[in-house]
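What follows is a group of structures, each given as structure tokens.
One chain, chain A, links the two complexes that follow: it is found with chain B in the first and with chain C in the second.
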Partner chain A sequence: MITYLRKRIITAILVIIVSLSINFMLVHLAPGNPISLIAGKDNPSPEMVAALTEKYGLNDPIYIQFFKYIGTLLKGDLGYSLINNEPVIKLIAEKMGPTLLLALTGLILAVVIGTALGIYAARHKGSPFDVVMNGISYLFDSTPGFWLGLMLILVFASLLKWLPTAGMVDLRASHTGFAYVLDVLLHLILPLLTVVLSQIPYFFRIARSSVIQVMAEDFITTLRATGMKEGRIFRKYVFKNAILPTVTVFGLSLAYVVAGVAIIEIVFSWPGTGKLLMDAIMKRDYPLLMGVYLILSVSIAVCMILVDVIYSMIDPRIRHNEKG
Partner chain B sequence: MKKLASMVCVLLLSVGLLAGCGGAPNDSSAAPAGGTAETGPKKGGTIIVGLNGDPTTYNPDFKGDDNGFAIYQNIFNRLYKINNKQEIVPDLAESYALSSDGKELTFHLHKNVKWHDGKPFSSADVKFTYDTIIKEKGQISGSLSSIQEITTPDDNTVVFKLKQNDSALLGYLSWYGCFIMPKHLYEGTDWGTNPANQKPVGTGPFKFVEHQKGVSITLERNDEYWGDVPYLDRVVFSIMSDSNTATQALYNGQLDFLGIEPPLAEAERFMSDPQLKAGKQNWPSRFHVAFNVSEGPFANLKLREAVAYGINRDEVIKKALKGVGLSAKTAMTPLYQWALNSTDVYPDRNVEKAKKLMEDAGYKADSKGMYLTATLDVFNSEPFPDIATVLKDNLKDIGIDVKINVMEGAAWDEKVWNNKNYEFTLLSGYQGPDPGGLYGRFASEGTMNIMKYSNPKLDENLKKGAALVKEEERAPFYKEAQKLLVADKPMVPIAEQIGVVPYQAYIMGAPTSPEAIQKTGFTEFTYVWINK
Partner chain C sequence: MNVKRNRMRARVTNTLQVINSITQLKIGLCLLAVIILLALFAPFLAVYDPFALNDDLLAPPGSQYLLGTDGLGRDVFSELLYGARTSIFIGVVAAAISGVLGTLIGGLSGFYRGKLDSVLSEFVNVFLMLPTFFLILLIVALFGSSMLNVMLVIGVTTWTGNAVLMRAQAMSLRERTYVKSLQSIGVSKFKILTKHIIPNGIFPIIANTTMNISGAILTEAGLSFLGLGDPNLVSWGQMVFHGKSYLVNGWWISTFSGFAIVVTVLAFYLIGDGLNHVLSPKLRDIK
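Presenting the complex of A and B:
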């Protein structure tokens, strides 16, 4: 297991380095540069532009800039945001909490609900429930998150007035303690619902198709022939086999969701990394963009390793293969 | 929202909209009955104002920050300020005097002004602020080139000694990036990283309380304010990045002022909803077509004239601007009426004349009736792509096949603004705070002249206009400059930009309302009170 982990960690580090290099090139080669935005368009003198370019080290060739960046990174420094004039790590840390709250809670709910619905549909394949759920899953899968979010606002905030429109707290009240927590939870409902509804289709379909697939295997037929009860067959044999793809997808989705909630955060004015990332892109804030990308690639790598570990715990074949 | 001839212009426009409203104090009002003028303003309460994003700094003069601008106006003061009627009115300075040769501009400051930390304010703060802006190349430093030296004969007097008279200077000192900063906190420090940039200390009507990143910025009333003390206890800016969400938040009562640039399609509802009032402002900013006059097809004057004859302004305003705009045919914003040339103006649409010009220019129509294919570069921010679509349709009628190239802001900046690598484009943008604003956009050396347009006669007229002191002496030069612009057509105006600023009907004394319009800056909440 240790050898296996070591191998996986080395691979993960390589993946991070490659993804950082590609990201660095992409953001620097995209048209536009942050100096125009810092200097403003009103009356920037050429000397001012030159001084700013020099100050931020943007007149070096790209590969020099890259090595300088890696150099500061190795010292544990993510750099200084050009637009915000603050350390990148501070900016990201300030906003990571709300993003994780939204993304993680959303994903866990989506896994549980999606998988449960998928299993139920698979065990009642062809039933009205299965047919309707299949249709709904395609509908939500093809609905853009920001649009779904706006529709939920229109229905639950504007029309029914049950929930707040946006934000994380009620700025007219100054809640503290338990009231504050309740207030945040109330504001969390709509963005969370958006994340959950957008993510459920994946888990629904994966659970449904893998359960159907496993149930069609010969060994299940054999078990049935022994007279074993369906419930027991499912719990003991089908579920364990069918859940493996869900674990893989969960790992992948986690990374996707942390990045993908950006647009949902913007729609709901949820104070996470979404707006930070969007502004960094629009304003070509290279250090901040690279910082966000680094955090994302590291979390994807960590998730993948965790998935592998969990996988090997659930599926003994993987452990045996690795040992061999 | 926030708009100069580019993304920055767009940004400024946002400020314009957010700040909104001047021109005529014509807030559509559906105010409920109750505490109006008879009972007088009520003290107390909190208002929630939408804001597009976190300000990146509270150093108000460091660099352009549209999110910060709305807040700076409440925390800081300027010497003079531009009110919502686009007039220059006193702020920290009670009055000013200009020497007869125009080379000495003297400001007399209010006495007994205190910083929010209790320290006394004096002329030394003013000198420090401007010396620092010039030395550190703050965002408006480019507009301060006429300043030779600033002196402080006493605590309440500041003298700007100028290299030559600069009639546009007072406007620049009243606008953006020129808030007076506390010398006692900034002297001897790096003004980009000073701790006060996160916890600002000003002289303004509201004091900074806290900034919760991504959530809100809270200000409270400055009870020791040297001017009219505000009514509100607190102003809270709520960060709402998405204009559709913010609009819903306004409808649902979560916001008191929308604060950010509204989706144009909602303008009609703002005007008709009895729960809301909508302030309007004619902004010295205009949507226009700008040509690359030094190369490409539009180097040919006849083609630019053809486009001028091809544009259907009313259609653009109706379809792309959803009715929020005024037809623009003069070469300068009509807001500076004293200098406006309303005789030499751009023509109305005339397809036959336009086609004739295309033929005179040597173009032949192909089988589809097209004389020419041209690329219109636009940035992807409302309403520019919509304007482009209407123009494409307009110009098809005169035989120009327009290819619309919608670009992300930063990419547009690089291609069009910096490299001037384009055929024609769409712009808006602030053309004030004085007719002198024409210089930056149209003079050969103007920093915003992306058209590569150069006419020595125009340069001369603009320089003379800025060098004189009295309006009646300056006006003929600006009128002549506008005549030259209409003749050369480096750009064709389409519509005057109008800002719509919606807010709840129970809000009184809004910056665009008759009670406050002449006294406050674009988004200053000194006179706001809650009528419920």
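Presenting the complex of A and C:
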């Protein structure tokens, strides 16, 4: 288990180093000179050029620049946003809350519902429920999240007028306390539904195929031969084995969902990192764009390690196998 | 001659039987055939020039404009037809790039083993963890959003799945007797890899590449939706984005263009999944 974890942690550290290098390289390889990229103007004033050259040490050899860049990052300095000249890290921190609220709730709901449906479908393989659910899962897998969001707005907000179209709170109402929470929840429904619907097929299919696979194993047949009840076999043996792949992909999806909700946030004008990202793209705010990318890739690496730790603890095959 | 023809016929019937026995494959191929025909004959089917602006802004679907017009008076149906060309072209080329890269890297890694394999495998592991969509977004934002850039970037960032598959294939094939015999008679390693290992192990990569076409089409649509598509092309993602502003009084713009994305992605997805089922009898049971 230790060996396995050590291997994974090395990979994660490499991921962080590669992400940093990609970030660094992109600025230096992008068309135009890095100063105008960082400054956000084609013709920055000579004072600005001098100041930025000094700050980023652009006259130094490239490898020294790289170490300097890592140095400033380690101090928590991701540079300044060009739009409102605030530190990038501050802007991202402010927007992370709504994003996490949407991504985490969405993912947890999707895992629970998707896995439950998948298990049910697997235990009734070939039934009408199974066939229909399979079809639906293909369909939702092929649906871009942003379009699904728009269609939900069209039906539930524009036509039926049941739910608000955009934002996180009703700005005109200025609610406080419980009413505020309720208002946020009301605004959360549609974006959340979008995230959940686009994630369910994934967990549905993983749960379904791993249950079917485990059910076909020889030891299950043996248990059946001993006359053990189906329900008991499932609870005691199938479930434990079949849930492992879901745990693995949960960590992966956590990171991807945080990234993936960005587009959905834009559709719903949800005030999270997605909105920030859209502004950054529209106004070509490179420091901000790269800051978002960097934070995301580092958090993905961290998430993966956490999942690996949990995974190695619950899977006895890894726990007891030193070679992992 | 006759024997040859009979054998050909037998092969065709066999292929047809396989296609027919796998529902996903059957539906996917039918959908794709329709889409490709529509895209091929776009110039004949499109009633209007997809770029032509006219005064009928936001005309609802009807007899004059089959699927209505958008906020600038362009005919939605004609735009959809030309958009199919963009989506399919970008999807196929991007997936092909990722297929070739993945096959080469995975093949080298699995066939040569040793140090090269450790380095390449670690490389793949690291790449698997990078947030691909964001990376693509960043590169396209920095380097410009021409169609070529979009295809290249998608291709270069999504090959890891293929590499993992090809590596496994190469590792199992290199233990086969015929590969060992080739080695013993002195055929060069590189020749064995390109002439025998890759051709014999390519099938799962073909299935996966078909799935990757779906992914690439979705990625391109996402980029276009974010305003990072090629501005000189008709693209479904851009249409959905355009329609977003007219959701209330021009619902048809986003609805139809998004629906086109879903159908096309679904077609490739079903074909890829179907091919996977052809390949693995184990999966055939799961269905």
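Basically, the second predicted complex is superposed on the first by the 261 of 324 C-alpha atoms of A that agree within 3 Å, B and C clash if a C-alpha of one lies under 4 Å from a C-alpha of the other, contacts with A are read in each partner's own complex, and residues count from 1 in each chain.
Just so it is clear, a residue touches a chain if its C-beta (ideal position, glycine included) is under 8 Å from a C-beta of that chain, and two chains touch if they have at least 3 such contacts.
Everything quoted here is computed from the prediction, not taken from an experiment.
In the superposed pair of complexes, A:95 makes contact with chain B only, with no contact to chain C.
In the superposition on chain A, A:162 contacts neither chain B nor chain C. In the superposition on chain A, contact of A:84 is made with chain B only, not with chain C.
Once the two complexes are overlaid on the shared chain, A:268 sits against chain B while remaining clear of chain C. In the superposition on chain A, no contact is made by A:63 with either chain B or chain C. In the superposition on chain A, A:15 contacts chain C only, with no contact to chain B.
Judged by the touch definition given at the top, the superposed model places A:129 against neither chain B nor chain C.
Of the two partner chains placed around the shared chain by superposition, chain C is the only one that A:293 touches, whereas chain B remains out of contact. Once chain A of one complex is fitted onto chain A of the other, the partner contacts of A:51 are limited to chain B, with no touch recorded for chain C.
Where the contact sets of chain A with chain B and with chain C meet, they give residues 30-31, 37, 146, 150, 153-154, 158, 266-267, 278, 282, 284.
The touching residues of chain B, counted against chain A in their complex, run 4-9, 46, 48, 53-54, 56-57, 63-64, 137, 139-143, 176, 192-193, 197, 212-216, 236, 238-242, 244-246, 248-249, 251-252, 254, 408-411, 413-415, 417-418, 440, 447-448.
Per the touch definition, chain A reaches chain B in the complex via residues 30-33, 36-45, 47-48, 51, 83-85, 94-95, 98, 146, 150, 153-154, 157-158, 161, 164-169, 171-172, 266-269, 271-272, 275-276, 278-279, 282-284. Against chain A, the residues of chain C that register as touching in their complex are 24, 122, 125-126, 129-131, 133-135, 137-139, 141-144, 214, 218, 221-222, 225-228, 237, 240, 243-244, 247-248, 251, 254-255, 258, 261-263, 265-266, 269-270, 273, 282, 285-287.
By the touch rule above, chain A contacts chain C in their complex via residues 11-12, 14-15, 18-19, 22, 26-27, 30-31, 37, 134, 138-139, 141-144, 146-147, 150-151, 153-154, 158, 208-209, 212-213, 216, 255-256, 259-260, 263, 266-267, 277-278, 281-282, 284, 286, 289-290, 292-293, 296-297, 300-301, 304.
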